[in-house]
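All chains are identified by letter, namely A, B and C, in their written order; residue positions are counted from 1 within each chain.
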Amino acid sequence: MRRSLIDILDLSIDELNELMDVAVDIADNPNKYNDSCKGKILATLFFEPSTRTRFSFEAAMYELGGQVIGFSDAKNSSVSKGESIADTAKTISCYADIIAMRHPLAGAPLVAAQSASVPVINAGDGGHCHPTQTLADLLTIRREKGGFDNLVVGFCGDLKYGRTVHSLITALARYKGIKIVLISPEELKLPFYVKRELDLKGVSYRETNDLENALGELDILYMTRVQKERFASIEEYERLKDCYILNEQKMKFAKPDTCILHPLPRVNEISVAIDNDPRACYFKQVLNGKYMRMALILKLLSEDKPVDQLDYLSRCEKVEIKGAVCSNPKCITQTEQELGQSFKLVDKEYNIHRCVYCEKKVR
Amino acid sequence: MRRSLIDILDLSIDELNELMDVAVDIADNPNKYNDSCKGKILATLFFEPSTRTRFSFEAAMYELGGQVIGFSDAKNSSVSKGESIADTAKTISCYADIIAMRHPLAGAPLVAAQSASVPVINAGDGGHCHPTQTLADLLTIRREKGGFDNLVVGFCGDLKYGRTVHSLITALARYKGIKIVLISPEELKLPFYVKRELDLKGVSYRETNDLENALGELDILYMTRVQKERFASIEEYERLKDCYILNEQKMKFAKPDTCILHPLPRVNEISVAIDNDPRACYFKQVLNGKYMRMALILKLLSEDKPVDQLDYLSRCEKVEIKGAVCSNPKCITQTEQELGQSFKLVDKEYNIHRCVYCEKKVR
Amino acid sequence: MRRSLIDILDLSIDELNELMDVAVDIADNPNKYNDSCKGKILATLFFEPSTRTRFSFEAAMYELGGQVIGFSDAKNSSVSKGESIADTAKTISCYADIIAMRHPLAGAPLVAAQSASVPVINAGDGGHCHPTQTLADLLTIRREKGGFDNLVVGFCGDLKYGRTVHSLITALARYKGIKIVLISPEELKLPFYVKRELDLKGVSYRETNDLENALGELDILYMTRVQKERFASIEEYERLKDCYILNEQKMKFAKPDTCILHPLPRVNEISVAIDNDPRACYFKQVLNGKYMRMALILKLLSEDKPVDQLDYLSRCEKVEIKGAVCSNPKCITQTEQELGQSFKLVDKEYNIHRCVYCEKKVR
């Protein structure tokens, strides 16, 4: 197994800083990196479509002088016809120097990394992780704010299902003096286990459903989409939806240097009218995402010594649980041939075990 | 907004001549241009499939030493899921240096050009425009005939719905002494507004339904496909279809140097038997299309100063019409968020206004 | 017509040796070939999806410094809308220097080669031929065994429908002292006409349904998948399926240097448990396939003199048969416009004629 990126926490704070330094250098001196990956091939294996993420990886590789092979949707692809992720990873290792994989099932990129002889980047595995989006978020915050310590960061909208929110919160929790403001309707509050993580790390946070009121204290506002179908009833949705739409009126309550982020695509949760407000940073985020992917590709290609699978399987202690089976229907263990069940102990106090692939709690 | 190509008339006669000069130089000295676009990326955003046009753009960019990202059909693409054309254009501007867009809705490339920070080329927007096909047609005529003045140009087949026909007629109407012969069944005659344009510009034309008879006077014959479903009845179709099929028998009536064009793909409207006739130029047209796209990419990348949006919106006078809404179901104003209605006065005498995006008449 | 590869027998033994020499040199000195195809474009025209084969061609071209255009599934492609293969080939010849074509109908690549002005490689035409898979198989055997003469080669599984099996048997039949062992259930035995070919060439072969028993004498074991739907009944399938699954238990009967091949993808016919056995060569085959495609692209691009179509149409004597029509519903003659029927005499003794495109027997 080669060094890979499956979860944002696979990278230490020092490594993140190093990646961001390289990314900034790329932004400042693009020509310097023109031929850094000459003769190298990236495989973009998108088992479900995600045009934006795919383009970001492809543009990143091209700007490094490399080439790209790939598919953008496995539905029409023979790859999906019964072949295991492990075999696909071994085969693609004959054609490419590095793999970016998007898959609807959680854990698929980890399974690929275990079999591939080249580095694997998780480009999104179901509702589980999307670490390169978090890299884009982090670089944008650093470039706009100069650093992370003592920032007040608001998250607004769907905090229950948004994997980009969970990832960024987890990543920020490692910095000093971070204050988190969770802004959402009751139905879409941050899940207990993420708040528990914040508690364990001593990160200060508060919950509110009032965006307008919270805006004045935020250094960063991370907006997400609130989907109609998440609400208990249409009436509830109609009553609440406008509260979570950022428009010119609400921007008056923000600080003069509040930085507005959004993982995109947006539908209507940020009015087009504020795109030209200098505080709107969501298109800068797109550009920063490309720079971070360039830095990441460079880093992973340069680390050519084999790494221990256990570093990825057991960031927590790995344990065998007799007879236990992951019950998550969207976990790669449901479909991958000859892949055993594997668990890790994530919380000793409450004795909570999770599947190593999808991180669903085992009962 | 960067200099873009939305409609063939965006280019002046001088600019067209310059493009054709470059295209001929490319054809004569391909190696000279090998690295002209090194480090540049073209995005081919094909919201509906058009393999031929996409390949032409991609081959053009590769032969200039550049790279390509893109999708070939938006159906499976996340880009189509609710994101506005404007947001897509802003995002892609982070990944690419130039965009070629094909879209089923008229006006989409214009909307993209207004938001992108890179040049946008219209690679076909519904039944509206397809200017790079016209570039291919024009170069082929110039290379075969040495110029445009005083040519007799026949158009045969479906003159009612064929956007390539309308575009080429409009483009040719700017040259001196052009004579146009319109050969079609009654059902598929050239629309009134195109003939009106010819009248206003003083271009001579005549209409006929007899291809065989017209052939003897033509310098150029532009063939198009006659689709069965366009006719009033099957009987009518059966009676007429053979009249508009070009075969060895009919070619005997053509001049020894009549140049046969077709935008391709053909079905059966030109017999395979005449492919080797030196007058058959439709595969030369394919090659010329690639050279013109190369010249166009070079031109647009070299013009890096912002241009005025109004140059594109108001080749005619732009006017506000209170309460008026474009009624064209295939216009981008039907789906694009926060895009206002906008009209232009195209004919002062008859007081005709058209939507600036799809050019449909407003009532 | 340019020199193309439609059937493995288009290559002489000397040419095959030369290709394998180049492939080995590529494997040993990859950097030497980095820019061999700089400025050249490969078109991968996949009228049906085959991700693995497409990736192999694309990686091959990129590693030679060239570029790639293409589509991976014609369903969504305008190419499939009524345009003939001949027209597609002529058009693509304007965009690319070499074509790799996959098509569900037998004979399509031959039709393309007859019209294209660039070389065409058959990347699989229905159940007919797949010569570049055979190139991968041959190089793997040569690299593992040093040569072909006097090898004992077993074929196991579906020998009736497996085109890779027929191709490799035909290719091996040209070497000296080859012994072939055909291991299959009764339902899936090698077709009579392939055995007849072996007889005509004096190749020794025997048939058995016992893999375990045969293993001890094999230098090479070529595994293929046995599909449930091929059997007369579910009971029959259940009774037999395990006999044709290669696992650690059966590997004990193999020689210490038996080389295990499989065209991939596998489903369960080879246990993942033997992937790390040094005799398992199926992932080496993947890599060798890329090297052979690189060597083939180099060879065909270097042969720029026109070749005689008849070399491809009539490896056997070509004959006209009045009124005869190919009855194969999966033959390109069924759909291609203005393509005549053409036959060849393949067996004088039995007076057997076959369609030149799909090689189906004519009655």
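Here is the rule we go by: contacts are C-beta pairs under 8 Å (C-beta built on N, C-alpha and C of every residue); 3 or more make two chains touch, one makes a residue touch a chain.
This one's a predicted model, so the numbers in the text were calculated from it and none came from an experiment.
J.: Can you give the rotation angle that fits subunit A onto its twin subunit C by Cα atoms, in degrees and rounded to the nearest 5?
T.: Rotation angle, to the nearest 5: 120 degrees.
J.: Over half of interface residue numbers shared between subunit A and subunit B means same, under half means different, so which is it?
T.: Mostly different residues: under half of the interface numbers shared.
J.: Would you kindly tell me how far, in whole Å, the mean C-alpha position of subunit B lies from that of subunit A?
T.: A distance of 42 Å separates the two centres.
J.: Can you pull out the residues of subunit B that are in contact with at least two other chains?
T.: If we look for residues of subunit B contacting two or more partner chains, we find none.
J.: Can you list the subunit A residues touching subunit C in their complex?
T.: Spelled out, the residues of subunit A in touch with subunit C are 39, 41, 43, 67, 69, 71, 76-79, 81-84, 86-87, 90-92, 94-96, 337-338.
J.: Can you name the residues of subunit B that touch subunit C in the complex?
T.: Residue list for subunit B touching subunit C: 31, 34, 49-52, 55-56, 58-59, 62-63, 72-73, 75, 264-268, 271-273, 275, 283, 286-287, 290.
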